[in-house]
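Multiple structures follow.
In the two complexes below, chain A is the common chain; its partner is chain B in one and chain C in the other.
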Partner chain A sequence: MKKNSFKAWLYLLPAIIFLGVFMLYPLIDVFVYSFEEGYNSASQTYFGTGTYNYEYVLHDPYFMQALRNTFILVIITVPLSTGFALLISLALNSIKKLRMAFQTIYFLPYVTNTLAVGLVFMILFKKTAYSDGLVNILINMFGGESVDFIDGPYWAKMFVLCFYTIWIVLPFKVLILTSALASVSDTYYKAARIDGTSRWRMFTKITLPMISPMIFYLVITGFIGAFKAYSDSVALFGTDLNAAGMNTIVGYIYDMLYGDSGGYPSYASAAAIILFVIVLTITVINLMISKKKVHY
Partner chain B sequence: MKVRKHILTVLIYILLSVWAIMVIFPFYWMLLTSVKSYGSYNSEYVPEFFTLAPTFENFAEAFTAVNLAQYFLNTFIFTVITTAVMLIVIVPAAFAFSRLDFRGKNIVFTLFLALMMIPNELVIITNFQTITDMGLRNTFSGLILPSVTSVFYIYLLKENFEQIPDELYKAAKVDGTSDMKYLLKVMIPICKPTIITIVILKVIECWNSYVWPRLITDDEAYFLVSNGIQEIRENGFGRENIPAMMAAVVVISLPLIVLFIIFRKKIMEGVSRGGTKG
Partner chain C sequence: MKIKLEHLTKRFPNRTKNKPDVIAVNDFNIEIPDGKLVGLLGPSGCGKSTALNLISGLETPSEGKIFFDDDDVTDIPPELRGVGLVFQSYALYPHLTVLQNITFPLENLKGNKKLSKEQMRSKAEEAAKLVQIDGLLERKPSELSGGQQQRVAIARALVKRPRVLLLDEPLSNLDARLRLHTREEIRRIQRETGITTVFVTHDQEEAMSISDVIVVMKDGVIQQVDKPQTVYDDPTNLFVAKFLGTPAINVFVGSVKKGRLFIGDDDVLPINGVDDRKVYVGVRPEGFIPDDNGGLKCKLRGVEVMGRDTSIISHHYAFEGESIRAIVSSEDAPDRDSGDIRFSLKPGKVYIFDKETEERIYPASGK
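Right, the complex of A and B next:
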């Protein structure tokens, strides 16, 4: 037994070392950082401990802007992408021909490099000296005015960001929901059909309850993912997100850590912990709601 | 009644087709733009939807004017080493949790699972400092080390290992097979599908990783494709050469799309079991 025990720890050793150095230690350290005031990364000294870093971050207009952008992004993209994914999955589930082809196509954005394809979206929406861009030309065709979606008004930029985010997250949601829908046993529908139940009633009384655990799973992971939005925004608006006014909380953390305005790990830590608290709160609320609503 | 059903079917196909076009169009557009010449692209106020005179000069430009080949090679090295080291770390760990008995197993496993809930953003700050202090900025070690463990994959593999019947292990023990040999000759071959899934998911993750490489490298010689494309966007090709930029995007996107076409079933199955994005 003792010999076996030693061997087991040996097998676990690499994983424990890596997790210890790059997960556990940083986790403790980030709290320490966030309370060390005036930390200097070059000399590794600090003046004192306290909550100044949090106060600084919460009074920083750039952070408030990042917070606002992130919340808008979350509130728009999570319900829209989940709802739309449900609609597409239901449609996919009701057809036989071409189903596999559609599923394959819909999955494509998952395997693409967010930064690279973001550039394509940028040129589709961007207004340049040479051309108004394809999207603006379409808008003009329907009698609208051209808008610069990349360097223009705030709502236009937010629209592109939300659109691109939904485009990126949809494959995962469609995949999960189609397999959830396919796993609902046919016997329920057969029984309902014999009873002459209407389509809508079948959907609300059989389909929705049966797939509700998966919907809630998607809502929870969707919230977490959207709160961590960053690379989509970089892909569309470039690395200087503060100047573009499109920064996100995660972007703020990285800017504080590194880059032109960087070198402040304490502020970055405080912002990271604020983000963590927000995400944790939302997740707990989600779980509480799902306990009441979800049928297992 | 019959007519209504037909109308519904038609509407469903229209909806599905519209979204399919929305998904494919950006890919089509990048391919199309990448084969238009610089002159013709910039002279089209209303962009043409196809071109009769495709050119490959943009691809030549993408490989000569910027270090695309270098970014590509870096990403390849990074992906291969990270995935290989990850397997060396996670396979023994999953084996220990699933097959060996030792004191404190449950506590350690629970601790591992708890770590799964820690967001990357929380630990990246200290990791940045650690790597900087170790003098590993702008090195492959600095890029690779923090991303070689994944608790989730250990968990996935452990679940799979546990499905292998105990009798096999006992029989092997009677025959005097060592644990290591049993792991390599019996468990890994049986669980190959799961291991392949994990490898594919990790490769996708590596190929697309952006945040950590951006923090840890500012020397172009160590840029990965994501950072490279950002660099190209901000400083490359002089005057906004969008066709050349799109050629670079095509080159960067291609490996994963090819991988997806080959392993379509495996990837979709793997992602629905263990992927998260968005």
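Right, the complex of A and C next:
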């Protein structure tokens, strides 16, 4: 028995070493830095230990701004993108002709580079000296006033960011949900039909519970992904996100490390740990809900 | 409730283009009497499940009509036909408890048929009692054995009091022991409820043991509709004769010459009323009598003792297949297992089929 467990550890060793060196050690390190005041990575020195970094970060208006942006982004995009993905998957599942063609179209954003997509969005939304952008032309056609989506009011910028995020995460969710829907055996629907079940009841009582594990998977990974949003914001508003007022938590961490105001690994570490705690809390809550709601 | 099928036909377009349609059900004409248990029997792919789906309304026929009593239900959707269907895979909703599964059909009722929670529960309990799963109502399907799941599926089909109960391969997912038990259960439940029941199976023993009437199918065409014993004793053609009975019927190539039946060159029986021609000769395993003066000369290959009976395994050059299996009572069995053996044949266990059409020509049909 003892010999066996030794062997087991031996077999696990390669994975443990890799995970330890590249995952666990950095995590612990960040945790340690976050309590070291004014840590300097070049000289490996710091002034003292304590919760000062956290106090600083939590009182930094830029961090609060990033926190608020991130939360708005998460709360809007996760439910909306999952909902849209479900609608699109249901539609895809119910058509026969052109299904493959539509599936390919819906999957295209997934294989397109984030920054390239950002460029397209700029053309759609950006107001320049020459043009108000495609979307504004549409708004004008319906008699509305032009809005500057990229450098204008906060809600307009947030709208574009959410729109962009939903669009970019949609394909993966559509892919997962269409395959989940396809895996629900047809006999369930046949049995339901024999029993005179209405379409709505089939959807709520059969389809939804059957694909609920996949929906919760998407919600959980969606939350985590949205909390870590950064590249989307950069693609739309450039690298000076603080000035644009569109920074996210990860953006703030990056700025603290490498940005123009950077060179503060301690603050960055503290912010990273705060993000970690938030994501952990939300995920635990999600899992607790899914245990109650996902039936099998 | 009586079910009547008139010229019922179902064609499916061929997957390969420019090939003719697949005819799964070909010109069915049967009348299933009220309150009977009917087995649709045939090899896989013969269209028996399609026939069941046509009766349930899940498939619409290409041609023909379906009547329940005197109502034409051909164009009526499944939910209005009043049928209960038990699927081969049971199709129990895995996220619902047994009770919720059974009440599911009741919750769909609308208007003045709508039931209160208590009514639903009592109906569900009644159905559960009938199939003897009343102690399992709070379990999930995954916590049940195959046999129990099967009962839940039957209870769910029965709970809304269908006029017709349809079972698609009800026993195929159960192990051998459970199968024996469950088929008696199905018989019992059918008797207690008196609901006209149609079930599909490829297992002739299953069909023989519980059906009131067997419908034998091949390639979408009905071969014979009769009581189980009649189908066995009086098969209309070679296919039916081969399909029913374990061990299977022994088929030889033979001929009729001047009122005598020959298997190969062996003169085995006098035959009246059959013209000279080439034929297939089918002999049931119990139709052989070991007899030193018998006409059929076979090579003995072995003897299998089964207690009450003994199987004699032998071979004959005119035999179609691997080895002849004859079942005799143990005292008649030879005490050796090689060499030659001679049989005489019991006339009532010998069937003669036309070589071309494979229709039975002897004994001449009693009907």
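Quick note on the criterion: the second predicted complex is superposed on the first by the 273 of 296 C-alpha atoms of A that agree within 3 Å, B and C clash if a C-alpha of one lies under 4 Å from a C-alpha of the other, contacts with A are read in each partner's own complex, and residues count from 1 in each chain.
We take it that a contact is a pair of C-beta atoms (placed from the backbone, for glycine too) under 8 Å apart; a residue touches a chain by one contact, two chains touch by 3 or more.
Keep in mind the model is a prediction, meaning the values are calculated, not measured.
Applying the stated clash criterion after superposition on chain A shows that chain B and chain C can sit side by side.
In the superposed pair of complexes, A:95 makes contact with chain B only, with no contact to chain C.
Of the two partner chains placed by the overlay, only chain B lies in contact with A:221; chain C stays clear of it. When the two structures are aligned on the shared chain, A:193 is found in touch with chain C, with no touch to chain B. Across the overlaid pair of complexes, the angle with its corner at the CA centre of chain A and arms to chain B and chain C is 80°, in steps of 10.
Of the two partner chains placed around the shared chain by superposition, chain B is the only one that A:272 touches, whereas chain C remains out of contact. Of all Cα pairs spanning chain B and chain C in the superposition, the closest are 12 Å apart. By the touch criterion given at the top, residues 185, 187-188, 190-198, 201, 205-206, 209-210, 212, 295-296 of chain A touch chain C in their complex.
If you check the complex, the residues on chain C that touch chain A are 56-58, 78-80, 83-85, 87, 89, 91, 93-96, 104-105, 107-109, 140, 142, 156, 160.
Within the complex, the chain B residues that touch chain A are 9, 12-13, 15-16, 19-20, 22-24, 26-27, 29-30, 33, 42-47, 88-90, 92-93, 95-97, 100-103, 105, 108, 112, 115, 118-119, 121-130, 145-146, 148-149, 151, 154, 179, 204, 207-208, 210-211, 214-215, 225-226, 229-230, 233-234, 240, 242, 245-246, 248-249, 252-253, 256-257, 259-260, 264, 267-268, 271-272, 275-278. On chain A, the positions that touch chain B within their shared complex are 1, 4-5, 7-9, 11-12, 14-16, 18-19, 21-27, 29-30, 33, 41, 81, 87-88, 91-92, 94-95, 98, 102-117, 119-121, 123-124, 128, 130-132, 134, 137, 165, 167-169, 172-173, 175-176, 179, 221-222, 224-226, 228, 230-231, 234, 238-239, 250, 253-254, 257-258, 265, 268-269, 272-273, 275-276, 279.
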